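Some structures are shown below for you to check.
Look at the two complexes coming up: chain A is in both, with chain B in one and chain C in the other.
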Partner chain A sequence: MLYVFQVLNGIGIGMIYFLISIGLTLIFGIMNFVNFAHGAFYLLGAYLGYQVALSTGSFTLALITAPLALAAIGWLSERYFLSRLYDIPHTYQILVTLGLSLVIQELVISIWGPVGTTVAIPEALRGVIFIGGFPYPKYRIFVVLFAGILALLVWFLLERTRYGALLRAGSESTQMVSMLGIDIYRLFSATFALGALLAGIAGVLSAPLRGTDPFMSGEALAIGFVVVVIGGLGRFEGALVGSILVGVVQSVMSSVWSEGANIMIYVAMGLVILLRPRGLFGRA
Partner chain B sequence: MLTRRKLLVTSAAAAVSAPAIVRSAMSAEASIKICNFYALSGSTSSTGKTQFDGVRLGLEKLSKDYAMNVEQVTVDSEGNPGRLLPKIINELQNGTRLFAGGSLSSESLAIMPEIQKAGGVYVAATGADEITGKNCNRGTFRWLVSTYSAVQQTIAPLIEQFPNAKRWYTITPKYVFGEALLTNVTDLLKKKGLEHVGNSYHSFSESEFSGYLTNAVSTKPDVLVFLNYGSQSSKALRQAIEFGLKDRMKIVLVWSGGLEQYEEVGADLLSGVYLGCQYDHQIDTPVNKEIVAFYQSKLGKPPTYSHIAGYVDNYLILEAAKRCGSSDPAAIIKTLEGMKYEGPTGAEEVRAGDHQCLKDYYLLKGKEKSKMKSGYDFVDIVSHGRSFQPVEETGCKMT
Partner chain C sequence: MIMFGKIARDPVSWASLVFTTVLPFLIASVVQATEVLIFSTVTLACNLLLGYTGFLSFAQSAFLGVGAYACGYLLVHSGSGFLVSMVLATLAAAAAGALVGLLATQKRGIYGVMLTLALSQMFYFIAYAASDITGGDNGMSGIVRPDIVLFGAKLLRTDNATAFYCLSGVFFILVCVLLRLLLASPFGAVLVAIRENEERAIAIGYNTRLFKTLAFVISAAITGAAGALYAMFLSFAPLSNIDIAMSEKIVIMTVLGGSNSFFGPVLGATAYVLLSNVLSVVWQRWLLLLGIILILIAGFLRGGIWSIVVWLWDAATNMRSRRNQKNLAATQEGRQLI
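Moving on to the complex of A and B:
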């Protein structure tokens, strides 16, 4: 029963990781842009959510306003700064976005201090339910359901709307889409904003689980890239399956080899790279 | 021409005035250089920055109290012993011989031999038993108590208080400090005839504890013991309460970070949780009241354990320098060995055999939010005391 529960727990963890990684896979896979500031957007989302919740007493308001703020920040960053990096090698994109990430981190420290904070779980979502004798928090169930609904919405956007079709076409050939009269760069700005919004949602939802701390961006970025590598670049289903796989590995390994639970995520990534370099759902 | 008479008179005059010269060497114009290092960047920097503030303000007070000009050098350990070591070697090459600080036990263990080789003094701010145990050396001292003492003053009183608590589960970070705490806990539980029903190790960078908490729940413990520290212990505690474990078992955090951690976690989560700590601002001693009043005037709030650790580490060096009238490391070492002084926890002493300060460790309990008298009144002191192994049992062979 322990292992069954660890698998269920792993799926729950995986859905949290999905929220972190879906934005990254959109930006990385579809826009072919290596965004090392994605973790910093997650961090900023958590802190903005914390501030709104603290000031207004409303977690719901935090869940609405913080991601929208991140979307605006993402759009502005892309429009006036990051778009200049599209034509330069990935290594320089990494350098610049890493720099942006460090600036955001230090900004967070200067505003909120170096010590973390706690975000209270909303009253209605406190408590646990019992699954086979094991307690499972109601809040985590909410996060899983929320992430599931979000996953459906993102899938619908990418697969069933004109925007999604244009984005997928643009990822194949920017020039061709431009020649059809579409402002592909405006499309990319909107996608970057969407990626930042999703990172912001992940930050706000994760904060009651793990608290906020100024160094949480590094961990989020690492998980995000592991999921993208396992699932395949730019693949929505890859992000979903990859996230769940990472969550399950981490959870089950905490019972099998507890000190190695974290490292096994990277071992799993290594195995995927060896056996299927383009990822589980990546295109050849 | 120097005559024998002149020589004798001059020598006599020098002999009489020499102590004054030496004393005046330690008076207002004297300069003493101390290098403090803490994690000022990286994932462990939250406590490092507080330690640094503790040192900065503490030296402001101490340099006035002792009428000494203290030259302070700050080194960022980055929470990484590999990066710290060359920086300390560089300081040694620059002539620095007095050191204090550390944010991780691995940092202290890495630099202790180098400082010892150079004939320097180091007052450690980290907890692994080895520092004043099997890795002890003549140059290293430590104010804060080791993991042995921490476990004896937290777990042992709880065993007495809860005689029906037979099953204990531990969650442990897999590095030298965590292993030391775990060894001490398992030894104590075995001695008391209690059952250690399981342990989950986790990595140093872990932030997802649900799997380990699930392991704990499966063993049905009476007490859940966290042996981690800093932001990891805050996350683990937060998730344990989220999983409803506070209602099912006692929770104890053996090595808490003090007030800054309690502020981070909050009273709602902290209430009913047992915490071990090196220091609390409520300690009722004249020295502590004076220190708290000073920091309160500077920070607008009471000092935390991280502040005080930085303060006391430097105080020990300066007090020894004052007593021996010299900033020479060998003289300071000799003075520190066996030095008795009034510290924040009362009468304290630097044990000569292993250079460990004998001081109290505190068992605290989180208060209900409604019972807090101020925004900093998170805990009640349940008990405190001193537990130290005899020197011969620590493994210390002083070189």
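Moving on to the complex of A and C:
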């Protein structure tokens, strides 16, 4: 029974990882651009959400406003700043976004201080639910459900809407899409905003679980990369399965060998690289 | 003999000697100068990958950390001397480099960069989990600087700051010379060929993965040896050595100095160490400024500080050459050689 709960925990963490990595993978898929500031978006989401919840007392408001603010920041930074970088070599793109993440991290430290805080679980979601006679925290159930609904929405957006069709076509060939008369740059901005929005939601959701600290961005970025490597770049299924796999491995291992739980996800990544270099869902 | 001739005629190797000699007088603190030299060596190793092979590696902190922990552990627990600890620490880091190299070179381009960052994080968690060896969050303390003993003869006491500076200086010059020889060799030419056009290097028949992995091993060995020195320098091996932030710091130093020159990274490390010592007292959040500088350099000044030095040199020589009625183009061409 313990393991069932560990798996459930793992799915919860995995859903948060999914929200982080889907943005990373979509942006890479269509723009061939790795955003090293993506972890910083998640960090900023966590702190903005914490601040809104603290000042207004409403977690719901935090869950709406902080991600929207992040979407705006993502849209603005793509539109007026990062979009100028598509022609420069990858190494320099990475360095610019690394600089951006450093700036965001230092801004966060100068506003909220260098020491992390714990974040209270919202009133309505405190306490436990009994599953088969065993108590399980309500908030974790909420995270799984909420992120699950979001994942469904993202799937719907990608597979059943015009935007999704353009995005999937764009990840095959941006040139072709733009020749068909689509404003490819608007598509880029929208995708960037979507990625930042989801990373922001991940930040708000994870703050009550793990607290906030200014250095959580590096960790999130590394996890995002692991998911992308395991699942294959640019794929919805890859990001989803990769995230849940990473979350479950981490969670189950933590009951077996708590210090080594984090090591195991990198071992899993190493195995995937050696056995399936393209990732579980990567295209040939 | 040919090797010695090559080095004797190599201006950069001489520059490393001059730099090491002049540095403590310029910044008037032997301790700071030692830190500058250690990080200069680390950036040279980073630039073997970034500048010459074209591989941006965020795993450098793993190599630095492995070297530091290995050396510290040997000194504290096994009672082995300076040379044995240094050699074994270097080998341990080289092994880590082989692992990272083998896995990260499975993928080219951005994917490879992402792998180095993820693998670096793995080493961090290993160091964190093995807290009975590494001290975990508290770091490994009680590392003493041993005397250098060779065949029973005491060569150098390292427990005073000046002696340790000299030691770091010898190491720095040695690394410069070795890297210059390496880059002048056919091996170095292949690395540059991979940077310029990997498909073409493969088409010519080179096993580029092997070469890139070897570049990782060499870079890791140098970084690990520098990490061992750093542990002795601090008498301490903190967990932050092996953190992603350290990798970012090393990459930023390298780019700040200029990754498309050999000596640029040394200037980057110097500038970073001095700036951080001055600014972190005045303004704790000085990394904000550094982030902006990094964006500006990546966007507008890819050559970093080194390109400013070259520009100033050109301006100066141009003025002189105008006075001497010399051909401008010829001097500029001459400048390119360094």
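Everything that follows uses one rule, which is that the second predicted complex is superposed on the first by the 277 of 284 C-alpha atoms of A that agree within 3 Å, B and C clash if a C-alpha of one lies under 4 Å from a C-alpha of the other, contacts with A are read in each partner's own complex, and residues count from 1 in each chain.
Rule of thumb we're sticking to: a contact is a pair of C-beta atoms (placed from the backbone, for glycine too) under 8 Å apart; a residue touches a chain by one contact, two chains touch by 3 or more.
This is a predicted model, so every value here is computed, not measured.
Under the clash rule set out above, the superposition-derived model of chain A with chain B and chain C contains a clash between the two partners. By the touch criterion stated above, A:115 is placed in contact with chain B alone, chain C being left untouched. Contacts of A:157 after superposition: neither chain B nor chain C is touched. Legend: residue contacts after superposition of the two complexes on their common chain; A:64 is shown touching neither chain B nor chain C. Of the two partner chains, neither chain B nor chain C is touched by A:280.
Of the two partner chains placed by the overlay, neither chain B nor chain C lies in contact with A:190.
Look at A:266: by the touch rule set out above, it reaches chain C but stays clear of chain B.
When the shared chain is aligned, chain C comes close enough to touch A:103, but chain B does not.
Judged by the touch definition given at the top, the superposed model places A:134 against chain B, while chain C stays out of reach.
After overlaying the two complexes on the shared chain, residue contacts for A:125 are found with neither chain B nor chain C. After superposing the two complexes on chain A, the stretch of chain C that clashes with chain B is 135-143, out of 45-53, 81-89 or 135-143. On chain A, the patch touched by chain B and the patch touched by chain C overlap at residues 215, 218-219, 259-260, 262-263. Of all residues in chain C, those touching chain A in their complex are 50, 54, 56, 103, 106-107, 109-111, 113-115, 117-122, 125-126, 128-131, 243-245, 248, 251-252, 255, 285, 287-288, 290-295, 297-299, 302. Across the interface of their complex, chain C is touched by residues 28, 32, 34, 84-85, 88, 90-96, 98-103, 105-107, 109-110, 215, 218-219, 221-222, 225-226, 228-229, 233, 259-260, 262-263, 266-267, 269-270, 273-274, 277 of chain A. Those residues of chain B whose C-beta lies close enough to touch chain A in the complex are 42-43, 45-46, 49-50, 174, 200-203, 205-208, 210-212, 214-215, 217-218, 231, 234-235, 238-239, 242-245, 248, 260-261, 263-266, 268-269. Interface of chain A with chain B (complex): residues 1-2, 5-6, 9-10, 12-13, 114-118, 120-121, 127-128, 134-137, 139-140, 208-211, 213-216, 218-219, 250-255, 258-263.
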